[in-house]
């Protein structure tokens, strides 16, 4: 399960770069500056994939085995991960023009939220079916988990805000991706230690 | 054999996203709606690759070793897996225009059927040459297998239907991909258990 | 060394599909038929990468360790493997128009020959520096090897022929790729056995 | 950590080929010749990724474990590695036209320098947190390291030169990439031995 999954995660993350392009006219500097939505989309999607991968990888390390249903939930997660470059591209273009911003930003938010929910489904199923080894790494896995409902609520709020203020919504997706990727527990331990 | 194979499977699956594009004119919402054949093609091809990978991965786990001919049959399978984004793109465009639907849908069906047949050839060869370990995982491998001839017959029928009704044929390819990816045995066990 | 190498091999092989495209005008069937040089280029390049990977993989399995120079020769080989989609695309276009066929076909042949020579350099260096384990798999590694100079001579001849008859040259590259990927020793053993 | 990282490294390196394209008009030979900036950009970026991967891989082999902060620094490094095809494309186009050369060459240099700095940060953090095993491979890891500040100074100088002479700056980036990828210690050992 891991080689194929790691493959899809890393390829989807790397294909995001193909969505970054400059749009003439303008001086080179202006073109670079005007492409900021493409950079923002790249970073948000890359971090979202990164966060999903960190959680996925902590999970995989702890799995005793994978039953056939887990493999299918995983396949569904990968299907959404692999499609992410498409809404990312739409958002990058949406924030550059004013047309159609809302629809594309909403689609993007829904895709990000789906990734979060499928990651949670995978983890929940594995816990429910007792597919995890128990042991000292329990705590680590716990650390990679974030409470699911607050983040889903945050996505819903950001999506609703996006209907009025699409750029703000993308900024919120960015904040959420940074939140998901931040190792709070370890930073706290580190601060306490020093 | 596995790293290269897993690589090709995951890259081909992820490259499919590059085939999804919106075609102006139209409001953003209309453009998104009109691109449904691209989504359908993406999902059918992703699930077909996913099903082939699940079977391939169950096989690889059980192989004692790979002889040189097995490696070549595998290479041929990968050659067809890797080409799949091309007919997928043609189908996505074919269902959007009316021109040329039939030829492209037929080509797509033939490609999907070839993947099925080469996967079967790989498994048959490994069985014939006794390259599998026997053991408790026999049953698992069996579970990932589906009878080959009914599915090939289904592909042939879908391809023939596609000559008259191309959209229906793609719907049938979708149904077949879902069928191939569904873990019937385990779902049955699960139902019995509960 | 292997994960990165397998990655480059499988990605380069899979990216080749992006070089396949139809060129209007024409009926769908005509467009598909006229794209034959793209299919030919895809198959030749895929098989050449496949052959290089089979040899590379047989090598890697036998390496006791990799010294820093071996890693650099390997990097050079990967640099050429990864560039292959570019001349492949040129050849596919070259055989469709008549313009510029010769230059592009020559470049393609030189790239294929360079892959062959760098694979040989890698193997020779590993042998010279005694980086291989000796053992029962000696024979297997030997089986994946082909005499280098006959194949290089064949490439040189094909390249020279390409200056006059570019399509014939690509046919010869195809024959060479098939030759490199054919497991003669094992086919012979198989025939003797039966 | 390694599978995902190796994935991003190898995919980013292989996607660079998509940045190589010929620009009509001109004879085929002229078009090939005029695309030299694309080849230069490909080689510089491929070698820079190659050097970063060699160092990364020597590091990973020695890690006892990865703490959560190391994984995040790694993710940041991969984010920059994965974006490299974008500035590479800009540089290839920049050296072909005269417009905008400076801005794009500067951006390219900054990206290469950032890769160097993040690779150093990763290694420094691992050393500071004592995440490395000690042992006989110490020397090997040391050999893959280069003093950081001289190379950063060289990047800064090259970037400044690029403001006046962009083509020279790219030549310097090439020299730096070759320097980073050259195994000086082992070449010296080899010379002494012979």
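Note that the chains are named A, B, C and D in the order they appear, and that numbering of residues resets to 1 at the start of each chain.
FYI, a contact is a pair of C-beta atoms (placed from the backbone, for glycine too) under 8 Å apart; a residue touches a chain by one contact, two chains touch by 3 or more.
Keep in mind that this is a model prediction, so the values were computed, not measured.
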*Fewest touch steps from subunit A to subunit C?*
2
*Pick same or different for copies subunit A and subunit D, depending on whether their interface residues overlap by over half.*
different
*Superimpose the Cα atoms of subunit B on the matching ones in subunit C and note the rotation angle, 0 to 180, in steps of 5 degrees.*
90
*How far is the middle of subunit A from the middle of subunit B, if each middle is the mean of its Cα atoms, in Å?*
26
*Shared-contact residues (touching 2 or more other chains) in subunit B*: 3, 7, 11, 15, 18
*What part of subunit D is in contact with subunit A in the complex they form?*
1, 3-5, 7-8, 11-12, 15, 18, 67-69, 71-72, 75, 78-79, 82-86, 90, 94, 99-100, 102-104, 107
*Which of the residues in subunit C end up touching subunit B in this complex?*
2-3, 6-7, 9-11, 13-18, 20, 22, 27-29, 31-32, 42-43, 46-47, 50, 53-54, 57, 143-144, 181-183, 185-187, 190
